[in-house]
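Each of the two complexes below includes chain A, the first together with chain B, the second together with chain C.
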Partner chain A sequence: MVVEKEVLPYLQWLLFSNQGYGALFAFLLLVSAASLVGILVCYAVTSARIGLWEAFYAVAQTIANAFPDFRRTSFGRVAALSRLAIQESIRRKVLVAFAIFAVILLYAGWFLDVRTDHPARLYLSFALTATNYLILVMALFLSTFSLPNDIKNRTMYTVATKPVRATEIVLGRIVGFSIVGTAMLALMGIVSYGFVVRNLSHNHTLDADPAEIEASLAKDGVWEGETSPDAKGLHRHPIRIDRRRLDEGGDITTELERGHWHVVRRTGEGAAARYAIGPPEGQLQARVPVYGKLSFLSRTGTAGDGVNVGSEWGYRKYIEGGTLASAVWTFENITPERFPDGLPLELNLSIFRTHKGNIEKTVLGTLFVKSPNRGAKIRSSTPRNFHAQEFVVDRQRIPRKLQAIDGETSTIKDIDLFDLVEDGKLEVWLQCAERGQYFGVAQADLYVRSANRPFWLNFIKGYAGIWLQMVLIVGFGVTASTFLSGPIAMLGTLGAVVLGLSATFVFGVFGGAIQANPILGPIVGTIISEEKAMPGGGPIESLVRLVTQKNIMIELDFPWLAELIIKSLDAAMLGSMLAVTRMLPDFAFFDTTKYLAYGFDIDNALLAQQATIVAGYMLVLTIVGYFFLKTRELAA
Partner chain B sequence: MNWNAPFARKIVYGVLIVVLLIPLFRLGQPASYDANGEFKSAGMLANMRIEYDLAQANLGEIDPASESMKLATLGLRGVAASILWQKSNEYKKKEDWDNLSATLNQITKLQPNFIGVWEFQGHNLAYNVSVEFDNYRHRYHWVKKGIEFLIKGTEYNSKEARLFHNVGWFFGQKIGRADEHEQFRRLFREDADFHASLSPYVDMESSEARSRHDQLPDNWLVSRLWYIRAADIVDSGLKPLRGKSPLVFHSDRPKAYMNHAEAIETEGHFGEVARAAWADGLREWTAFGSREIPSTWGVLIRLNEYAATSEEIQNLTRELDTLAPTARADIAKERREALTAEEAELIQTPEAVRNERFTEKQWMAYQAIMSRLFVSDDDVVTRVPTEHRSSAERIARKLSSARLMIERIDRYRNQVAFAYWKTRCEVEQTERAAKAREHLYQADRDLENAKLEEAKKNFELAWDLWAALFAENPELKDDLAQSDLRRPFEFYRITLSQLGEDLPKDFKLPWLVEKFSVPEVMSQDYAPIEPQVIREDPAKGVNPK
Partner chain C sequence: MPGPAAAEQTAARTASPPVADIVIETRSLSKVYRDFWGRQKVRALKALDLHVKRGEIFGLLGPNGSGKSTTIKLLLGLLFPTSGQALVFDRDATDVENKDKIGYLPEESYLYKFLNAEETLDFYGRLFNMPADRRKARIQELIDMVDLNWAKRRQLKEYSKGMTRRIGLAQALINDPELIMLDEPTTGLDPIGTRQMKDLILDLKARGKTVLMCSHLLADVQDVCDRIAILHQGELKELGRVDMLLSVQDVTQVRAKGLSKEAEAEIRAVIERHGGELLAMENPRTTLEELFLNIVQDAGARPGRRAARDA
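Coming up: the complex of A and B.
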């Protein structure tokens, strides 16, 4: 699985993060700045209406009144209001969303590529994405129209005249709609799980005559053949039955096809032998990976960076074969208690050939396990050679018993894997053994598989990500509806979601526009990396290019002043857009589909980070919603 | 009635709506048919749809999923397709093959009749994605995916000959010519599931799809069956061939037989099996020569008519010359005598000197004189006695069009090396050619098994046979030697050098030595590489100095 952004441990994320300050600091900074701006704007608007001094008192009083309002917020009243919200949702026939979902799943086979090589990935991505979009649209409609409708129909007065606080009205709606969304999500989750499992389950049989297999095993010690195709005729699995393995009582498995395998079981022996093929395995899993820190050694063995082989995508760096170039992963917290049977490594390489070599054979690679202590007497295990495989997870178990080279006597010794571990740290070195061929790796391409968690649990975690997004949207929707009419609130919330989803894109376009700006470019353009900056300019430049039919890679070729005006207007527009985007949650961060689809456990730290972000936003949104409703009530 | 302003406005609006509805109706009226199913009337759009065969049912299979997806995009089909194209590029860049495949599937659901999608993305899968995989089995799998993708395209576009032809091309060229062609061909022959999936489209059980030597489907033969389907569409006149030269389009079908013959010989199957394959090739090549090919000049051309047209020109020239027996020679003589001394000297320069020493100016002068000296049929007509002048003019006109035709036929023949492949098919069927190839194949095996003496013997037996073949068919020398003899000749020289011997003095194909030797000028261009001295500096690591 491609991991372009590393998941940091929760506390590190909260307090320190990558840029030196954590998420908490960023949150406080943003909230303070936004509060200040908010207060100033309110004061300006109020003073225009009632004069400078009066406005000061009015604003100060509103803020002062907020504290007892928050303090005295009653959970009982919130619960009562949320019950009303639930009843309203049911009246508005939210179940329609579920019906649409059911119809989509029923006809999914029509639209999906059933011949895919990894059906589990496809079905999971589809089920999760469909759920995500539907639930978000539902949350959007529910949350944004409720309050404006109540105000418009004047039913609001029946509530507002009761001893109910504005916080309770806002919170009641958020909680109520969230409960409706949760119930809907639970329903969709159960149906999706069934959909995925049902679509992936299939059977094969072994059509070969058992007597023939037995004869072959007796004669050659091995039988090779194929299973029958599955019911849809999409795939078969090659099988190799090894007599020795059978005698040892080991599992016989089919070859990997379409991302799964089957266990082959034999009952009886000789003429009475029968073979049965089990259900598919390995497609719905939740591996827990332990990632190491990756560094590279150059072809001369000195510290360096990996090579770029000309790939547009710089995710993987390459090491040259037949040289000292190596990729080194340093793992931490490697203890005998965690890995009593050795290190179960999983490897996902990219291979780049500069010459054809032997087409029938894959490129040879070498793995070493080394101690991070440069001066250790025994530093490295003897090499483990393997045939590299691409685009599949290659399992390499490093056993406890290893052979290593004694640095002093230059002899080979038997050692325990943990003799090489230093303060819980261990290095795994990868080299390409063939001259002229290259291995490409990224940090997440080699990891220790520390455990397997139940898939259903991971599935729930995946849905938790969707749930958090739903809650966020409900929060945004309800808050927007405290001061906007229904349709406008919906459009505003939708805009927030779209901007939040395309944060990377907005930043890229902004970066490109800044770099291309004749004045700003030389000053601040350099702080934006080339990789992130997108060519083509902002909205005005794009429009000009569309009309003049100039593609994004060629110069605009306008008079200097005209270009400056276009580009500066663009920079200003994009700058404000970026500022808004920065205030919004990055919705893409909540998407954990790829973890589920690729069979990796969703990191609890990631879930915790998502939950913290949502909690932060909900707090701010409730406060903002309160003030808007409060001032609106005053106005009324 | 109170004739007030709002009411007047409503009336105006109503009238405007009705007025606007008229052209809308004219444009969009659906086609209507009478009780017998005969076409009655239709709006402009429906008429155009009928005229250009654009109705969905006329293009190919109607897929409910595709139709519902088109509807679901609510008129934003173009936007959706553009986003999907962008996504597919992104997935390809990020090597996310599952999502790439899924996205292509969606694009084709949205734009099933956009031929570019099928061609571009089919090529993408079979040619670009497949090579990203290191394991040749995975590569084959993606080549298959590309082919299957194209085949799906033919279902939606049953009248697009180009798509059918492309399927044939992928079967032939991708499986049969890739670096991994040995492995791909073998995998294809054994891929019973794939064969079964192809059965609804081409007859995989027929002998035309299967090699004679092992009765298994062969990629080149299957490619031919797809070329036939493509040609059938063009021949039936359902839809004209667009974006492809008809000459090349029709030549691929017979070439598939020849490629098949070449391939099985490379794999060691000689004798009757290979000869029969070449005979098939010749039969189809001759048929191809008799086919009427639309040309860029707007006339139909038959490649086989070269000989007949040539004979016609000879007869007509003779006929014209009979009317003025000495005219051609007289005019030539007069024009030669009219040349100045320098001009006469210039044209008498021997060819070798001309090629080596002539300046551009001299060449231009030379060309001008030669065109002045040329005696055309019209020149001859001017010397024909007046009483026969009109029939001479008629003959000259016929000659002129025959000459034009033969020039065009010749150009087309050259484009597909028509004469070369015809001779090649004839020669390859001979016992001698089969033996020559068999000896080369055997020599290769001997070399693999380090049997140098046997290899040398087989090479030499092969050279004797090749020498005799080239003596009889010198026109094959250049192309055939280049394509088929370069590697064996290199191996022969390696064999000799390992045996400590030089090329024998009586080597039967001395021109091969010259043809395959590295030109001196090239070896001068590449100076020997100076070995680099690598010094280790403990502080900075290793630096090449």
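Coming up: the complex of A and C.
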């Protein structure tokens, strides 16, 4: 699974994540900047209507009145208005969305590729994506039409003439629709869980007579064969039953196929022996990966960087085979208490081949476990060779008992894995053993699998991510509907979602121009430091270059005043684009379905970060909604 | 906030009658409707000055589009004045704190059609943060009062216009308000319903409540209102007590019985000398309808002026 952005611990994210500033600082900065701009715009609009002096009092009074309104917001009235929103949703046949969902799942089987190698991934991502989009569309419709309808039908007259504050009207709707969405999501979650489990469950039997197996066990001590195919005839599992293992009372498992295995149980002895194959295991899991820090050694073994093989996507870097080029992961906090049976590693490599051959053929790789202490007497284990395959998660267990070369005596010694651990730190080195072939790795491609969490818990966490998105959309929808008519509010919210989803892309498009702008660059350069300065300027400069036929590499060569005007206009436009994009939530950040589908535990820190972001947005949206509703003539 | 506006405000307040007795006060209240671009569309209300005292029934009269509803909406804070002030209980009309003491029946009962009568009243009761037991008792009391006990479990979308009106009224009274604003209270009601509504308004007055109603049904206003204001195209044309407004001061009407022709002639002579037995001597009463039509005609003939008569 691709993890492009590391999940930081919660407090670090909150306080220090952005070049030492942290999410909280960014939030406060954005909120204060937005409030300032908001107040100025309101003042400008008001003074155009009632004059400069009066407008000052009007704006000041509105802000002053807001504080008692916030303070006296009553929970009881919010609850009453939420109840109304729920009743309204039921009347507006919100259950239709659920019916659509059920129908989609019913017929999904016809269109899904059942022959996939990863059925769990397929069914999970399908069910989650369907839930996600349906619930978001439902939230969008519910939240954006309610308030404008109330104002249009004038039912708002009877509500607004009661002692109801604008905060309560906004909050009541947000809470009410969120409850409706929650109930809906819970229903969809239960159905999805059933859908996934039902589609994945299947049975095999042993394709041999028990007597034959017993005979073979008695004669050779081992029986090798296959299970029967599953009901759809899609796969069989090879089995190897070992007499010794049976006698030890160990579990016999089938080979891994389509992401799962089965446990084989024997009852009885001799002629009375019967074999039963259990349900599929290991396909719905929540692995907890422990990631290390990745660094590279060049082909001469000195500190360097990985090779770029020309792929446009810079996520993975490559190490050259048959050289000293290595990828080194440094893991922290490796203790015998956490890993009493050695290190369970999982690898997911990409392979770049420079000579022709069988694409199915594996490439030989080497793993070392090393101590981070360069001066240690025994620094490295002996190499462990493995066959690397693409698109498959390769499991490698580093056992406690290792062999190492003693640097002084040049003899091979038996050591314990934890002899190599220094202050809880341990290095894992990866090299490619075949000349002309390259391994592509990213930080998340090799990890220690520390534990398994229950799948159902992870499922709930995945749904919590969808829930947070739903709440966010309800918040945006209700707030937009305090000042826009229903359809416009819906389009606006949809626009915010789409822009939020593609924030990274949009930002990538003009981030370079911002860095290059002589006015904007120095101010916000630190905030967007990942972007490289790009020549060519912003929209205005680009237009000028287009018309005057100057390519982006040559100087503009205009009088300084003209150039200043062009750059300032660009700064204003790019700045406002930056502000808008930065203010919208990055919806992609909330998508945790890939974790669930790929069987990784969703980091609690990630969930906490998402929840914090949503809480921040809800706070701001409620306040914004309050001011729009408060300053609006409901009867106009 | 201290400033010239505040100083002006306190000055105006000391000049007006005792604060406790004034429930509604408007000071040159004006409303101009504008379009999206801020261009003036309609001047709905022009410099209205009104005082409504505690315990009286005040009627706002006027033809369609005269500014009655605008005035009520301004007093409820549903609209914001273009200039001037609307004060209710001596606070700005938009102040949420006021709303605890106000009941409002809109011109059509704008209620949630998917709720039934009980749920409707329960919802509005909750908006007043009424405790559950008091709310329950009050709901039953109001449903009994408006005679809807038989239909209290039916959704409002099944209600007839008259029934909707009644539940609207019950909704307006849920908080036992001190000031009730009724926008066209009798439209859509049958004669019996109209009678009941009028009785109810008089009953509210008897219990010391203040009622502000607007209507173009003159007979209703004539029957219940203590004082009226007649608006025409946003301007105040007439203001005063109903009994004063309807008496024709410069005419005396004499009614007698069983007199011969000679006697009649004599009585005329006697009356000239201030003698004889008078069976009746009074100023004839005009109907409100006549007064209203006169004012509207007068306003058409001489726009921009207060009606000729002085109250």
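Please note the rule applied: the second predicted complex is superposed on the first by the 511 of 636 C-alpha atoms of A that agree within 3 Å, B and C clash if a C-alpha of one lies under 4 Å from a C-alpha of the other, contacts with A are read in each partner's own complex, and residues count from 1 in each chain.
The rule is simple: a contact is a pair of C-beta atoms (placed from the backbone, for glycine too) under 8 Å apart; a residue touches a chain by one contact, two chains touch by 3 or more.
Only a predicted model underlies this, so the values are computations on that prediction, with no experimental measurement involved.
**Student:** With the two structures overlaid on chain A, would chain B and chain C clash, or do they fit side by side?
**Tutor:** fit
**Student:** Please work out whether A:G76 is in contact with chain B alone, chain C alone, both, or neither, and reply first, second, both or neither.
**Tutor:** second
**Student:** Name the contact category of A:A60: first (chain B only), second (chain C only), both, or neither.
**Tutor:** second
**Student:** Once the shared chain is lined up, is A:L619 touching chain B (first), chain C (second), both, or neither of them?
**Tutor:** Neither: A:L619 stays clear of chain B and chain C.
**Student:** In the superposed arrangement, which partner chain does A:L106 touch: chain B (first), chain C (second), both, or neither?
**Tutor:** neither
**Student:** Where does A:S350 make contact in the superposed view: on chain B (first), on chain C (second), on both, or on neither?
**Tutor:** first
**Student:** Return first, second, both or neither, reflecting whether A:V164 touches chain B, chain C, both chains, or no partner chain.
**Tutor:** In the superposition, A:V164 contacts chain C only.
**Student:** With both complexes superposed on chain A, which partner does A:A562 reach: first (chain B), second (chain C), both or neither?
**Tutor:** Once the two structures are laid over each other on A, A:A562 reaches no partner at all.
**Student:** Just chain B (first), just chain C (second), both, or neither: which does A:G233 touch?
**Tutor:** A:G233 sits against chain B, while chain C stays out of touch.
**Student:** Working from the superposed arrangement, determine the closest approach of chain B to chain C, counting only CA atoms, in whole Å.
**Tutor:** 26
**Student:** Could you tell me which stretches of chain A are touched by chain B in one complex and by chain C in the other?
**Tutor:** none
**Student:** Across the complex, what residues on chain B touch chain A?
**Tutor:** On the chain B side, the touching residues are 64-65, 68-69, 93-99, 101-102, 104-106, 109, 133-136, 138, 141, 145, 148, 179-180, 183, 193, 541-542.
**Student:** Which bits of chain A are touching chain B when the two form their complex?
**Tutor:** It comes out as residues 2, 107, 110-113, 115-118, 121-122, 125, 229, 233, 236, 298, 300-303, 312-313, 315, 350-351, 353, 356, 359-360, 362-363, 388-391.
**Student:** Using the touch definition up top, name the residues of chain C that touch chain A in the complex.
**Tutor:** 1, 3, 5, 33, 38, 73, 76-80, 96-97, 99-100, 102, 104, 106, 108-112, 114-115, 119, 123-124, 126-129, 168, 171, 175
**Student:** Quick one: in the complex, what on chain A touches chain C?
**Tutor:** It comes out as residues 48-49, 57, 60-61, 64, 69, 74, 76-77, 79-81, 83-84, 87-88, 91, 153-165, 633-636.
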